[in-house]
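In structure tokens below, several structures.
Next, two complexes with chain A in common: one pairs it with chain B, the other with chain C.
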Partner chain A sequence: MVNLNAVPPKNGRDYYIAIGLEGSANKLGVGIIKHPLLNKHDDGDYSHDCQVEILSNIRDTYVTPPGEGFLPRDTARHHRNWCVRLIKKALEEAKIIHPTLDIDVICFTKGPGMGAPLHSVVIAARTCSLLWNVPLVGVNHCVGHIEMGREITKAKNPVVLYVSGGNTQVIAYSEKRYRIFGETLDIAIGNCLDRFARTLKIPNEPSPGYNIEQLAKQCSNKENLVELPYTVKGMDLSMSGILAYIDSLAKDLFKENKKNKILFDKESGEQKVTVEDLCYSLQENLFAMLVEITERAMAHVNSDQVLIVGGVGCNVRLQEMMAQMCIDRSNSKVHATDSRFCIDNGVMIAQAGLLQYRMNDVVKDLSETVVTQKFRTDEVFVDWRE
Partner chain B sequence: MSLPKAVYSSRDIEEKLFTVDPNNSRYQTTNGKTTGPSEWVLNAGQVDVDRPSDPRVKDDVSGELTYLSKLRTNLTGLQDDINEFLTDQMELAKKKRIKNEKREMQEQEKRIDDEINELLDGGDGEEEED
Partner chain C sequence: MSEQLVAQISEYLTPNVPIQLVSQGAEAVVFTTNVHPYLPKESYSGVEDAKFIIKYRPSKSYRHPSIDKSLTKRRTLGEARLLGKLHQIEGLHVPHLIACDAYNGCLWLEFLGENLPNGMGFSNLKNFLWMYAKGGNDPYDPIVLETLYKVGQEIGLLHWNDYCHGDLTSSNIILVREKPGSDTWVPHLIDFGLGSISNMVEDKGVDLYVLERAILSTHSSYAEKYNECLMNGFSSVYENNGKLGQKKLKEVINRFQEVRLRGRKRSMIG
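Presenting the complex of A and B:
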């Protein structure tokens, strides 16, 4: 039995309010949400339907010049210098004047992610907790994505494809854990796309992956894909070799290395492949691999729903390919969210954190708030689900 | 208000106390010497839009900084002191490591030379028992 109303809201109210702080990578997010106290949550599996109201969802991204990634030290500095300003803005937008009285719980990302940025944000969370006398909850970033996706799409028990700059996992829920069915063996899909964007020296704003998607849309030769390694290994996949290979093609293209017969015509030396073609082929190849392992996971758990979460989940082409597979499979359905919830944000941390809080899972001592770079999705005990 | 301070203690060195001198400009700014963007990103053409906000002056006529702004400026200087101290410690540790590695290398080379010479002199490479 799951009782999401085990901990009553503060001050006899009929709703809960949570603030979420996220900063595991280059996005700093502060989100404030409200859950109404509902009778149906006394007993039953309704954690996907909390009727969440988003009071504020503020985000600021640390952006680097074209060709550069984000370094931990500079990303942490960005979070440190913006965190208070973002919290103030989020409170203002949510019309919260007395956080001590109005906020039930402060949720922060405990991991996984980059150590230094995580550390910057947890210091802000601890400070607010002491300042306002509000309890803390440490949240697994991946679980945050999953719970936000479930709440927004109302998908009750989907196979989850979690695709972002730091993670690539196919996940399904079973017996109080989000079990990882397949994952990357080396780099994440978003990292593969971002690093290719760096090779192409295209801007990092709004995001490198988005700019690759736009270039791929401009591909005029969609019938002739550039052949790339297809590296599905059972339920897992590998992307570092694909990146190395397509990087070498891009470099040959820029150097106009006519000896490369994939890029230039053998006889005339005429260019056959453009940067747009490379972007399109890379996306098609990587996404086909993701679709394959997701379909296999659906067969394993006999599910007819797919939920795509994480920054790469915004990619419309990935959503299209997944939707096609779902239709071909049994008229099943793909669920995805837009950039407000797909890309790292504070609201998702608040959503997962509030579920934890409502099950009475709070930090008892500040020593429990130490952040960690390695925190696997299946380490979390999901007691808010049957 | 009382001034913030910091103490560094370690098994290897004497305890070190860091204090704030409120009259020194180092403790009157939110832009620290060691807390700026890294050289790497600046060389890559980064425009620094992530600077800390300036300290806030009280609304009255005193022209003084607010309590929290004063604390922030004090802590910025204190953080610089700590960062510089820790960087120096890292340099010392690095030099010590290089020195040790060099010494170990020389000892190893000497041992190999001795063994070769012993073999050339007709020994069997085994140490003789007394």
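Presenting the complex of A and C:
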């Protein structure tokens, strides 16, 4: 018995409006969404079908020069600088004139993420809450991704592959929790790609992973894959070794270290491998590992739906491989979204937060709004699903 | 399973080998057949219902062909080698390896087990425990407790020889009657796809923890007693090896408890 209509909308309206603030990494996002009040939500498992309407979805990314990553301090400053402007712009786009009257709930990212950026954004959220007299809801970033993916693709009970700069997890729902079946033992896949992009000194605009994907597409020597470690451990995987290895290859390539027989021909000293080849090999290797652990989880829980969420989920090659696996396995389809919803955004925080709000799970005191860098997906009690 | 996959397997095995699907995991598909890969038919046709297991790792079209080839080969070969070595350990029961084609990802194994009476399914530990838990039987029947003790011994023997299973669940343990008709069961460990040679306490601790979770989630009402029996069997192997055994047992048990406290991601049900 799930009753999503337990809390009526404000002022006798027949819809809910939520604003979501996201800033756990280098993206600052503000999103405003609207849920109509539907009778079917009185009783039943329809949290994947809220008929969400997106009123505004604004994002600003803190981009660093090539070869550099984003530091917490600078990212936090970026968020503080832009937060008010983005909120104003989002309200304008959504045509909300009186936030006090029109907004039901303010949702913010409680974690996981980088401490300083999270802090900057939660301060904005608290301020708005006091200013407008609107309740707050703290949202787990990962659950935000999952709920947005479910809402957009209408996948009812998928195995979720969550791949981003900070997380790599295979998740399935069971008994009121999103349980983690497999995850990375060291660094996240996005982190691995970003750091390799840094070694290659390719631009961080629009995102390092996207640029690697474009380079991989230009690979002309797809038959001769550069062999990399393949480190799946049961349902978990490990990526730091792969990164260290391919980094050393890239460095040898730039230094023209002819002793390296993988990169240069033994006799003629001719270059055999290009930067594009390295990008292609890295992607093929990493994604094969991801698809494999996803398939394992699917076999474990007997599911035939897959949903890919998170920033790396925009990668077309990953979606292709996953789709192929689904066809081979059970003739099913893979669910994926595009960059508007895959990359961190405010809308997803609003979506998960509004579900929480509709189950009457709101912050009662400002002391509950403390953000945390470590917040595992399976810590959240998923009240809104059967 | 898609038709393409079936076609792939049938083409590899040729029409001379009729196959029946048993189960489809993430990585491998398991079939039974009544044809031996190299012995002449006369040598085993006298045996009634001769049966063999084919474990086939199909090539995965989603990954790059060169990754696929090297993985299939490495894993099939790894499993075959492990089975070969385990077979030599006295007192340990694993299926007999008949043939291995690493390049095509195919293993032929001895068929183990039987169907339990009253339609309770195949004689793996899971179904066996369910059979005793249901329908007027005593879940703590001496036969059950003795079998669990023996399962513990098998695992103890495995760990004592520095091997790890990697995926211990109650469905990966097959029970075979000692003699036809007798009520004494000999447990056999199967599916060493994630197995490894390891002397690390961590791996052994995780192995035990995975088994405990598996028992807890599939046989929750009687799990406490069951796990106790398993651990008694496990300890007995170590204790029979004198002072060194005692010391090593302590290390494994301590790590096992540590892993349990950590509880990490393995806190899954399903």
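Definition applied: the second predicted complex is superposed on the first by the 386 of 386 C-alpha atoms of A that agree within 3 Å, B and C clash if a C-alpha of one lies under 4 Å from a C-alpha of the other, contacts with A are read in each partner's own complex, and residues count from 1 in each chain.
Here, a contact is a pair of C-beta atoms (placed from the backbone, for glycine too) under 8 Å apart; a residue touches a chain by one contact, two chains touch by 3 or more.
Just so we're clear, the structure is a prediction, and the values are computed from it rather than from any experiment.
Novice: Based on the superposition on chain A, does the combination of chain B and chain C result in a clash or a fit?
Specialist: fit
Novice: Let me test your reading of the model: by the given contact rule, A:W82 touches which partner, first (chain B), second (chain C), both or neither?
Specialist: first
Novice: Between chain B (first) and chain C (second), which does A:H300 come into contact with in this model arrangement: first, second, both, or neither?
Specialist: In the superposition, A:H300 touches chain C alone.
Novice: For A:T64, select first, second, both or neither according to whether it touches chain B, chain C, the two together, or no partner.
Specialist: The first partner, chain B, only.
Novice: Scan A:R329 for contacts with chain B and chain C and give back first, second, both or neither.
Specialist: second
Novice: Residues of chain A touched by chain B versus by chain C: which partner has the larger set?
Specialist: Of chain B and chain C, more residues of chain A lie in contact with C.
Novice: In the superposition described above, what is the shortest C-alpha distance between chain B and chain C in Å? Please give a whole number.
Specialist: In the combined three-chain model, chain B comes within 33 Å of chain C at the C-alpha level.
Novice: Give every residue of chain B touching chain A within the complex, in rising order.
Specialist: Touch residues, chain B against chain A: 35-38, 40-41, 44-46, 50-53.
Novice: Using the touch rule from the top, collect the residues of chain A that touch chain C in their complex.
Specialist: Touching chain C from chain A are residues 172, 174-175, 179-183, 223, 225, 227, 230, 234, 236, 284-285, 288, 291-292, 295-296, 298-301, 320-322, 324-325, 327-331, 378.
Novice: For the complex, give me every residue of chain A touching chain B.
Specialist: Residues in contact with chain B: 62, 64-65, 67-68, 71, 73-74, 77-78, 80-82, 85.
Novice: Along chain C, where are the residues that touch chain A in the complex?
Specialist: Interface residues on chain C, with respect to chain A: 1-2, 4-5, 24-27, 60-64, 66-67, 70-71, 166-167, 194, 265, 267-270.
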